[in-house]
Amino acid sequence: MFEIGRSKRAQQAFAFDDIAIVPSRRTRGEEQVNLTWRIDAFTFDFPLIAAPMDSVMSPATAIEMGRLGGLGVLNLEGLWTRYENPEPLLEEIAAIEDPGAATRRMQEIYAEPIKEELIGQRVAEVRSAGVPAAGALSPQNTQAYAGAVVASGVDFFVIRGTTVSAEHVAGKAEPLNLKQFIYALDVPVIVGGCATYQAALHLMRTGAAGVLVGFGGGAAHTTRDVLGVAVPMASAVSDVAAARRDYLDESGGRYVHVIADGSVGRSGDIAKAIACGADAVMVGSPLAKASEAPGRGYHWGPEAWHARLPRGERVAFDVVGTLEQILRGPSAVPDGTMNLVGALRKAMATTGYTEVKEFQRVEVIVG
Amino acid sequence: MFEIGRSKRAQQAFAFDDIAIVPSRRTRGEEQVNLTWRIDAFTFDFPLIAAPMDSVMSPATAIEMGRLGGLGVLNLEGLWTRYENPEPLLEEIAAIEDPGAATRRMQEIYAEPIKEELIGQRVAEVRSAGVPAAGALSPQNTQAYAGAVVASGVDFFVIRGTTVSAEHVAGKAEPLNLKQFIYALDVPVIVGGCATYQAALHLMRTGAAGVLVGFGGGAAHTTRDVLGVAVPMASAVSDVAAARRDYLDESGGRYVHVIADGSVGRSGDIAKAIACGADAVMVGSPLAKASEAPGRGYHWGPEAWHARLPRGERVAFDVVGTLEQILRGPSAVPDGTMNLVGALRKAMATTGYTEVKEFQRVEVIVG
Amino acid sequence: MFEIGRSKRAQQAFAFDDIAIVPSRRTRGEEQVNLTWRIDAFTFDFPLIAAPMDSVMSPATAIEMGRLGGLGVLNLEGLWTRYENPEPLLEEIAAIEDPGAATRRMQEIYAEPIKEELIGQRVAEVRSAGVPAAGALSPQNTQAYAGAVVASGVDFFVIRGTTVSAEHVAGKAEPLNLKQFIYALDVPVIVGGCATYQAALHLMRTGAAGVLVGFGGGAAHTTRDVLGVAVPMASAVSDVAAARRDYLDESGGRYVHVIADGSVGRSGDIAKAIACGADAVMVGSPLAKASEAPGRGYHWGPEAWHARLPRGERVAFDVVGTLEQILRGPSAVPDGTMNLVGALRKAMATTGYTEVKEFQRVEVIVG
Amino acid sequence: MFEIGRSKRAQQAFAFDDIAIVPSRRTRGEEQVNLTWRIDAFTFDFPLIAAPMDSVMSPATAIEMGRLGGLGVLNLEGLWTRYENPEPLLEEIAAIEDPGAATRRMQEIYAEPIKEELIGQRVAEVRSAGVPAAGALSPQNTQAYAGAVVASGVDFFVIRGTTVSAEHVAGKAEPLNLKQFIYALDVPVIVGGCATYQAALHLMRTGAAGVLVGFGGGAAHTTRDVLGVAVPMASAVSDVAAARRDYLDESGGRYVHVIADGSVGRSGDIAKAIACGADAVMVGSPLAKASEAPGRGYHWGPEAWHARLPRGERVAFDVVGTLEQILRGPSAVPDGTMNLVGALRKAMATTGYTEVKEFQRVEVIVG
């Protein structure tokens, strides 16, 4: 604990950049590493989830993500459910060079209402490809559109906001009772972001299959500047992993998955997230660098087009390869942007681990 | 405590940039957040005060600040009380590109003596608009011009210097006895800056309604370079908030407002200042970015034109919007420079708080 | 120990840049400083080893390194054992400006298989010059080519990888049993990298004459970004030096040399490595700045051309002088890139030390 | 204490940039501040000493420094004692743009032997102006030229090196016995650099009137890169101030002046040096910005032209004003480069101090 001043104390919190993984006395062959991720009735080849952001996930890229062995989550309140054909708009956003102009134009484009029928249509597109379909709403829109989402036949329902709490107190409308809501649903729910032990424990008690740790993003986010709020991810993941352990005991054996969501820009961050206790990692910006990415070299989150208080930037990236190359290699660049899965495999092998669950115990240092 | 060396110990002090606010397990609807600020007999819509700096406050912008629901403080020893019509001089300063030349020209322009009659005239201009009128003097000029200020009918008298102490020992003249002075006045006094628990406690005992915490500025200040003196604001605000608490007890219930004054450049800093214990925040540079700002894209404090030892720079800013847009939005930029009030509201809602006084207890982290 | 979060603790680790050597109350004449380094039956004029990297060591520069009084290690799985005449390829690599293109071309060039007969030929070239010959393999290639290396008559056998463990568990093939392997060899073995007390202790127990501390490089490495793995060198060297001390006790007197390998870019880093406990220092990038360096102004390690997951960059350097000037001076630049040996001598003299073994105890500070 | 690793511990050390002075509850009028500095039989208007560096001190500027109320120290082994008329050479050095070429040319120019007769002549030039004359030699040259220096009639004899120890062990020649040497001299001796409590205590026991704290420089120094040696000044000054206190007790009342020498680039650093315990401050680079400075906009120390291992750079500065303006103001720039004396006066007044000796106790923070 630090004493900020005579009336305030604070704990130190650590970002992924503040820590590093340390090799141990054992090494393993890469072929021995098992990256399989099982959640609910589903098994994925690797523990990576594509973030429900319009610059990353379209029906086509969600399908490709699934074919490659991971889970892609479609944003069900983004362009694909506001417009029948958003491609020209994605093209238009990519053509605006000035960041300020891009923000203002996105504020206009996203003012278009969500079309309930498009929710079912988008999910059906993904399902028809034979891969698991996952769709995301923000907490604000969950009550209004949850029916359509469930009716669409999603395999995972993701409720994702900058902060999602089990206990939201609102003035006008009756707030969403997450526990009742999740209980009533037939599909597994992944919910977040949360950033602290207490918040996570409350979310776990709602019956969620997984919780998202983080405050909604890294690269494209300016929440620290705008709100003063920030969640250094290494500490947040470690705190929520402790909530998972304690809830496992409290619940008599329910294992809620901890999914790091934010500040994962390079493959090394994926390894660090797991080293801090994550079961899986949601990635946004790394996939925005794919040649198939709908953002066409740009990346933004829902905060970027908020009508009255935008809290994110549209950031520009160079395209580095196909989605397959970014996820499974081979890599031709040494900067942690390609072969994310191979890098995780290598990080585990080189430090002597073969199972993701074990790798959560690898030694890390501050420095 | 750190040991600097064998003969010196030092405490660690934290700036706003060193800390961040952490979400808790609860969230609130933004419409439930109450930002009302009450001091003395006045109520403001939000706890923001415009700093008495010539680049920010003119009679016109002080009126606009009041109309928008805040408090604007006029600098009563700046250009508006030295010149009948300072607009051409403000124009001239803005036209000088070279910073060194700007400093030298400002040293000349501010060499013009203060006109006592202009003090009354400027305050009257603000009062005639029906908004609360506040005027500021430095401690050095307080004795000479306080009479004129009080006669002018100000609603708030601000005594603002880089360091204001209740106990100033001077050689030549009899120093200002703040306690007697404030006692004798009819209007509420806000006085500062102060930076430590002890200094604040002494200022509170003078009868001030509020104390300014800080050393006179952030963006435009070079006091650390020139004097070696610095006041990391998170620690200073927290220390002075402790003095408020102890003085409340000592005085049997007098609540002195703690006003953060310095290093507030973005909306997130406002939230952090309150999280550290402030009741209100004095802002300079954020308002210098208004299209109405007298500085015309430049910003400077009284230190910038000191005749023998300037300790501040004239800094250049891009204009981002109107004073109203900067204060109340909507924002079109994601960098914490617009919709300051909306951002504070959002920061409180997203961390589960509805009252400013409660938000002083929100958890912060170092990192 | 830091608490990263409720489920993870971490120690702080320090890089060479985090520390500095402090002068003591005594100074010495430089002529009194003894830099002689004795390992196994060999004595060198100074404790510097040239790293087995293709941009630094060719048969010619390994010979020159030996003539100047140090030890040059040839990379026995690099271009010189894959190609009869690699000079045109080194020329070609140096002619590629674009870093990405360079990575891709190196991936192709290094795909050529190692020629066993060239191993003997290259070692013979060095031996014929009358200087100690040392050759390096990675752990992956050790079993396949160790016979050829030993048959070649090397004086030192270096097994160098990003992480080498005494206990490697592989799936397909029977892994290398380092202890049996080293025991069976007639030549002294230097093995690494290792980064922790435990890993080093296990390597020392294999019978190695020296262990390399580090994770394979500084300037040209991106392992922290790609894998999340990093080894701040000051801490790693200090930990391994503790293993040397404990193994000395455990073994009843066997002294295993600790060789810092990585993050040594300037002469001051050499002094710091020894101050942390190293007996000798392996240098790469400083020698890549020699006019004779095969890299022709570029520098890369084996990670840079990995087929599926490159983890290093080809970095560009200005040539600063001959290998002799870089090692023994005189220097004409004040940036720690020339007269590495003279700088170490001066660092020891100015802090009052004459023996390298004593200098391991010099005081350092964090700051 | 930090644990660098299992075999090494280190204390944290602080630079002037790491700390800041904190205002207290009292303020003073500037006119009450007394900056007089008394050492031996001499009294100076302010506690600043010009460093014996060829870019700063010539006979003319040493005289000007004295006239302005401070102490200028002539470098008695620099250009002024190697050449009858060094002005053309200073001109030539200033005309070389390339830093590397400048280093090499300075190595040649300074190869010219010192002329003993010029020592007397230069000191006489300063003495004839009626100001205190001080001359400096390095420890290496002290035995050879001390006779000439004393014969010249200096008022202060400065022995200045990167590290000066009371106990230097040399191989060839009998080393200088500082204690006997100083005892035998008639003039007060200022000796340094030293950086630790122990080294300072030993130097104080030699009979020196003052000790220089530091390792010979800030701006122009690259010793950390070249040797790995560094002395964070805030900690060093505080440690040496503790030695002064303990030696005062041990000696029954001999007060040895602590003079900070290094890393003082701005006026704020002067205040911080005193806040850490210094009695006076030796300044180099701030005076190199004077229009009269012999360096003509360049600044270098003796390390910059070392024949085999240069450890300093010739750095370029903009001229900001006359020596008088830099020392006594008025200042026209807000960056701590002008009105050094006025800034120290202001720093003391604003924090409530009137005496330098008292100001050594002012509160500082880390942050």
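By written order: A, B, C and D. Residues from 1 in each chain.
By our rule, a residue touches a chain if its C-beta (ideal position, glycine included) is under 8 Å from a C-beta of that chain, and two chains touch if they have at least 3 such contacts.
Please read these numbers as outputs of a predicted model, since none were measured by experiment.
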- Query: Same or different: at the chain C/chain D interface, is the fraction of residue numbers used by both copies above or below half?
  - Reply: different
- chain A turns onto chain C (C-alpha superposition, degrees, nearest 5) by 90
- Message: Based on mean C-alpha positions, I'd like to know which chain lies farthest from chain C.
- Response: B
- Message: Can you compute the centre-to-centre distance for chain B and chain D, using the mean CA position of each chain? Integer Å is fine.
- Response: 40
- Item | chain B-chain C separation of Cα centroids, rounded to whole Å | 57
- Item | Shared interface positions of chain D, touching two or more other chains | 11-14, 235
- Query: Among all the chains shown, which pairs meet the touch rule set out at the top?
  - Reply: A-B, A-C, B-D, C-D
- For chain D, which residues count as touching chain C in their complex? 2-8, 10-15, 18, 100, 103-104, 107, 162-172, 175, 194-196, 198-199, 201-202, 215, 222-232, 235, 303-304, 307-313
- Report the residues of chain B in contact with chain A in the complex, numbered from low to high. 11-12, 14, 16, 19-29, 31-32, 197, 234-243, 245, 266-272, 275-277, 329-336, 339, 342-343, 346-347, 350-352, 363-367
